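One structure below.
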Amino acid sequence: MLKLKINHMNIHGDMSVLELIEEMGNSGVLGAGRLYRATELLADVMADEDTAVFLSAAGPMVPGGLRNVIRDLINDGYVDVMITSGANLTHDLLEAFGGRHYRGIEKNDEDLCQMGMGRIADLYTKSEDFEVFETRITELMSQISEERSNLTIREFLTEIGSRVDDERSILHTAAKKGVPIYAPGMIDSMLGLQLWMFTQEHELHLDASGDMHELSDIVYDSKKVATVMLGGGLPKHYALASNILKGGVDAGIQVTLDRSEGGSLSGAPLEEAKSWAKAKTGSNLVTVVGDATIAFPLMVAGARAMINKKQK
Amino acid sequence: MLKLKINHMNIHGDMSVLELIEEMGNSGVLGAGRLYRATELLADVMADEDTAVFLSAAGPMVPGGLRNVIRDLINDGYVDVMITSGANLTHDLLEAFGGRHYRGIEKNDEDLCQMGMGRIADLYTKSEDFEVFETRITELMSQISEERSNLTIREFLTEIGSRVDDERSILHTAAKKGVPIYAPGMIDSMLGLQLWMFTQEHELHLDASGDMHELSDIVYDSKKVATVMLGGGLPKHYALASNILKGGVDAGIQVTLDRSEGGSLSGAPLEEAKSWAKAKTGSNLVTVVGDATIAFPLMVAGARAMINKKQK
Amino acid sequence: MLKLKINHMNIHGDMSVLELIEEMGNSGVLGAGRLYRATELLADVMADEDTAVFLSAAGPMVPGGLRNVIRDLINDGYVDVMITSGANLTHDLLEAFGGRHYRGIEKNDEDLCQMGMGRIADLYTKSEDFEVFETRITELMSQISEERSNLTIREFLTEIGSRVDDERSILHTAAKKGVPIYAPGMIDSMLGLQLWMFTQEHELHLDASGDMHELSDIVYDSKKVATVMLGGGLPKHYALASNILKGGVDAGIQVTLDRSEGGSLSGAPLEEAKSWAKAKTGSNLVTVVGDATIAFPLMVAGARAMINKKQK
Amino acid sequence: MLKLKINHMNIHGDMSVLELIEEMGNSGVLGAGRLYRATELLADVMADEDTAVFLSAAGPMVPGGLRNVIRDLINDGYVDVMITSGANLTHDLLEAFGGRHYRGIEKNDEDLCQMGMGRIADLYTKSEDFEVFETRITELMSQISEERSNLTIREFLTEIGSRVDDERSILHTAAKKGVPIYAPGMIDSMLGLQLWMFTQEHELHLDASGDMHELSDIVYDSKKVATVMLGGGLPKHYALASNILKGGVDAGIQVTLDRSEGGSLSGAPLEEAKSWAKAKTGSNLVTVVGDATIAFPLMVAGARAMINKKQK
C-alpha cells in the first residue's frame, strides 16, 4: 500500500514562489497538497506540445485583476483555446477603450447606482466607461458588418480583437496569436446587449451554434486536451462538453469556491465528468478549493517556474 | 429604533407546512427568518396580478425532483416567464420521451461510464434514454424546420413544447399556457448539441439575440417584475439584466448555496443588483442560503398556503 | 444493482410537514433526499427505547430560535444526553432570567457596541440583560457553593438548572427530567467567565475531566447510541469521541453548513468517524447540508409526525 | 471619495513570494486583495514590539503540515500567546514521540479502522503511534504529578513541553521560549482522555478556569493585542473573548472556509466582534476566505519578507 509521510512546510522570508509550492508538495495534504498537484499538472500541460490547453474563465476574472495573467498565458503560447463569459470580454474591452476598474469605495448599492457605479463584490465600474464602451464597440461592429454579415461568435470576437488597439487586451492578444475565444453565453452580457441593439438597424447575424464545428475540429486534431477551469458556469460546461465526442479530456484542473452537494456543475467534482465521457478514464484531475484570484496567480507563477527549471 | 423580540419556534408532530413557516417567521432570524421572508414575498408576488414573475432555474432542478413543482407553478398561472439552462430542458424532454432519472447507485464514475450512466451528484441518467431523446428531438426538429427555418430560441422551445405529448412536461405546459421559456445558453447542452447536428444537414437557424426584443416588451408591459432565482449562472443574470432598461426588478428572491466572496454572480448578494439598476431602489430582496430542493418546495407549499388562506 | 426511480415532488397549498417530507423522500436525491433520510433516521432513534440519543448543539441554536424545540425534545423524553457550548447555556439562562433576544436592528457594529448591544449574525442581545444574568447567576453559584465546593461541569449545570424557575429553560427541563448536559468548553463563555470571577473569592471547583466517568457509563449502559449533531465544534467532537471506547455510535445525523475540504471536524463527513471507531462499521450516518434553523425544525416536525403515525 | 484603480497582476516564472503578494496588493480586490491586506497587517503586528500576537489554531493545522510554520513563529519571537485545540497538541506530541502523519492512502473508512488508521480528510494517523503516545504521555504525567498535583491547563502544557525532547515540537519550543499555550477545550482530545485515565489512579488536578487570571494579566500588560486566527471554534472565541475586559483587540486576522449566514462564530465576520467589545472601534480586521494550509504559509512567507525588507 502506498503510504507517504507528510513533511511539514518550512517557511522563511526569502522564498521564491516555486520554493513555497514545493514546500506545499512536501506536505501534500489538504489545500496545500491540492495546490501543489494542480501547479505540477498545469506545468506539465503548459509544457507539453501534444496537449491543447483550454482555459475557461467564469466569474469576474478580468475585472478582478487576472487580465494580464490570462493575456500573458495566451501571448506566450500556453493557452490554445479560451472559453469565457460575455462579461469578462466586456470588461476586457472596457479597459481596451480606456476605462478602468476601481476599488476602495464605501457606499451602499443605492448610492452607487445614483453615482453611476456598478459593483461586483469589492470592485467597481463607472457608467461613463460603459458609455465609451458603447460608442467604441458600435464603431467596431459597423466596421465588421461592412465586411461580413454572418459570423460565428468566435469569428465575431476575433474580428473585434483584431481591431482593438491595446497590447494588454485578451481579445487583441488572442486575435494576434490565433487563439480562438469562445463565449457560448455571450449574448447575455453588455457586449451581447450592444450587439442586439446594433442588429436592430444593421445586418450582423451571429450563429448560435456555429462554433461547434470549429471547436470539434480542434478537439479531434489535438493529441491530448487539458482544461483549466476558473469558476464554473457555462464556460466550464462548454470546455468539458466539447471533448465528449472524443471520450473526454486527458487532464483537468479547476479552481472554485462552489460546493458540490447541490448538484450544480459549478461545484461538481471533476471525477463526475468521467461518467459522461467528458474526462477520460485515467485522466489526471485536480480541484483546488479557493478564490481564483489567490490560487491562479500562485499556480501560474509556480508552473512557469517549474517549466523554466526544466528547460535549464 | 425598530427592535423585535425573537419568539422561539414551537414544533409538534401535527403541523402543516404553513404553521411551520409561521413559526420560522416568529423567530425571524438566521435561515429560518430568511426562509419565512422569502415565502411571504413569494406569496405576495404570486398573488399580485400586477407583478410578472420571472422564474430562473440553474443547476439540476428538473432531474433533481422539482419538475412537477415548476410545471405546476406554470400551469396554475403563477409564473409568467421562465429562464433556464439547456440542461434542464433536456432533462424535461428526456422524461417526456419516456426516460427517467435514477438514484441509489453506488459505482465509481469510470464504472458508470462503462455502464452507460451519467452522474449528477447522487442522481443518474441512462445513455439509452439519451438515445431515445436524440431520435425524438430530431423528429420534432424535422417537423419544425418544415414550417419555419428561422426562429428565436424562445420560439424554438415553444414549438418543441407544443409538439411534446406529456402533461407533466415543463416545455409542454409552458407552450400550452403561453408562458415563454428563455434559455440564452441553450446551445451549450445536449439539446443544443442535437440542434447543431441537425443543422449540419437541415435549415434551422436560431437567432442568438432574437429573444431580446420580446423579453424587453414583456418587461416594459409589466407593471412590476419579480424574479425568483434557483441557483445562479446565466439564468440568474439574464433574469436580472433583462430588467435593467426599466430600472430593475421590484422584488427578488434567490435560493443558492454559492458564496459571495469570489465575486461570481451566482453567489452575489441581491443588493449588488441595485448598483447596476437591475433591482430598483427600495425593492424587496431576499436570499435563502441553502439547497433549492429543500428550500423551494418548502417555500412553494408555504406560499400556496398563504394565498389559499387569504382567499378564504 | 439497486436502481430506484426519482419521483418528482408534488407540492400543494394544503400539505402537512410530513407530506412534504414524504415528497422529498419520493424524489430521494440531493438535499431533499438527505433531509428525508435524516428525518426518517431521527424518527427511528427517537422512537427506539434501546437507543440513547445524544444531541449536540454548536452555533447560536438557543438564541437563534431553537430553544423551545430542544427543550421540548428533552421534556418529551426524546433526548438522553445533551452536549453544547457555554454560549448556548448562557443564552438559555439569559432568557430564564427575563432577558430576550432581538432582531430587526440596522446598525453597524461600532454603534451597536455604543448602544450596549451584541450581535450574532442578524440577532442581538442587550448588555443590560447580561447584567441581570451576572447578578442572578452569581446568586445561584452562591447557593450551590454553600452546599458543595467540588463538582463536575455536568453537576454544576444540573444544580443551576434545578434552581432556575423557567419551564421553558433547557437547563431547567433537563434537570427536572434527569437529562445530563455536558459542556466541555463551558469555561470559554459568559457563564464560564462568571464562574471564574466567582471563584476568585469563593470555593467552587469544577473538575475539567470529571464528567468522563459518568459519560462513559452512559455509553456502556446504552444498548445503542445515536448522535444528532447541530453544527460541529467541541460538542460534535465530544459526542462522537465519548463513544470511541465502545466502538462508536450506531447512528449519526449532522446538520451543518461547513464544508469538508479544510479538514476541520465541523465540516467532516460522518463516514470519517468510522476510521476512528467513533461510528460503528455499518452504522447509519446522514448529513444534511444546510442551516440548522431551517433543517432541524423541519426534521423534528417530520420525525414527530412519523412517530405519531406509527403509534396509531 | 477614495477611489483606487485596480492594477492587474503581472505574473512570471521567477517571482519571490513577496513579489507575488505585492502584485496581489496592486490588484487589491477579491481574495487577492484580502490576502495582501492580511499579509501586510501580519507583518505589522509581528514587527511591532508593542503588540502581543495571539495565534489561535483550530482544525488540523499541526497534522496538516503547519507544525514547523507555527513552531518557527514561536521560536523567532513572533507569537506571544498560542491558543489551540487538544487535538493539535496531541498531534504535536505524537510526532515528538516519533510518530508521523501519512497521505496517499486510498481505503474506505471501515477498512482504515481495521488497519488501525484514523483519517482526517486526506491525512492519516497510525494507531500504533497513538499507543506510543499513550505510554510516553503517561510517563510525563507521572513525572509532573510527582512534583505538583494542581495545575492550570497552561501550566500542564508548559510542564509537558519542557519535558519533550524534540526541537521541532510546538509545545517544546513554546516552553523553551516562555510562550504560553492555552487550550480551553483540551479535555476533549486524546491528550485529555489520557489525562482523565491517569487521574483515575493519580493525583493531578487541572483547574478548568485557572488560566483566566494569567491570560487577563497578559491582556492588561500588553499595549496592543493582535489575534491571528486559523479556523474558528473554541480557540477563536477564547482569543477574542480574553480581550473583552480591555475593550477588544487592536487588530485581527482570520483565515477560514466557514461562512457567516448560520451565525456560528467560526464563520462570523470579524466586524461582529466590535459589537461585543472583543475588537476595538477602529481596529484593523481582515478576513481571508480560504484553506489555511494555502493562505497561512503564503502570508507568513510574505510577512517575513516584508519585515526583512524594512530591516534592511
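Each chain gets a letter, A, B, C and D, in the order it is written, and its residues are counted from 1.
The working rule: a residue touches a chain if its C-beta (ideal position, glycine included) is under 8 Å from a C-beta of that chain, and two chains touch if they have at least 3 such contacts.
Chain-to-protein mapping (UniProt): A, B, C, D = Putative deoxyhypusine synthase.
Just so we're clear, the structure is a prediction, and the values are computed from it rather than from any experiment.
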Chain separated most widely from chain D, comparing mean CA positions: B
Between chain B and its twin chain D, rotation from the CA superposition, multiple of 5 degrees: 180
Gap in Å, rounded to a whole number, between the CA centres of chain D and chain B: 44
Distance between the centres, which are taken as Cα means, of chain D and chain A, whole angstrom: 35
Distance from chain D to chain C - Cα centre to Cα centre, in angstrom: 27
Sites on chain C at which at least two other chains make contact: 29-31, 60, 64, 121-123, 257, 259, 261-263, 289, 291-293
Touching residues (chain side chain B, partner chain C) in the complex: 1-17, 20, 23-24, 26-33, 35, 60, 63-69, 72, 100-107, 121-124, 168, 257, 289-295, 297-298, 300-301, 303-308
In the complex, chain C residues that touch chain D: 58-60, 64, 87, 108-110, 112-113, 117-123, 153, 184-188, 192-193, 195-196, 199-200, 205-209, 212-213, 231-234, 237-238, 241, 257-268, 271-277, 281-282, 291-293
Residues of chain A touching chain C in the complex: 29-31, 259, 261-263, 289
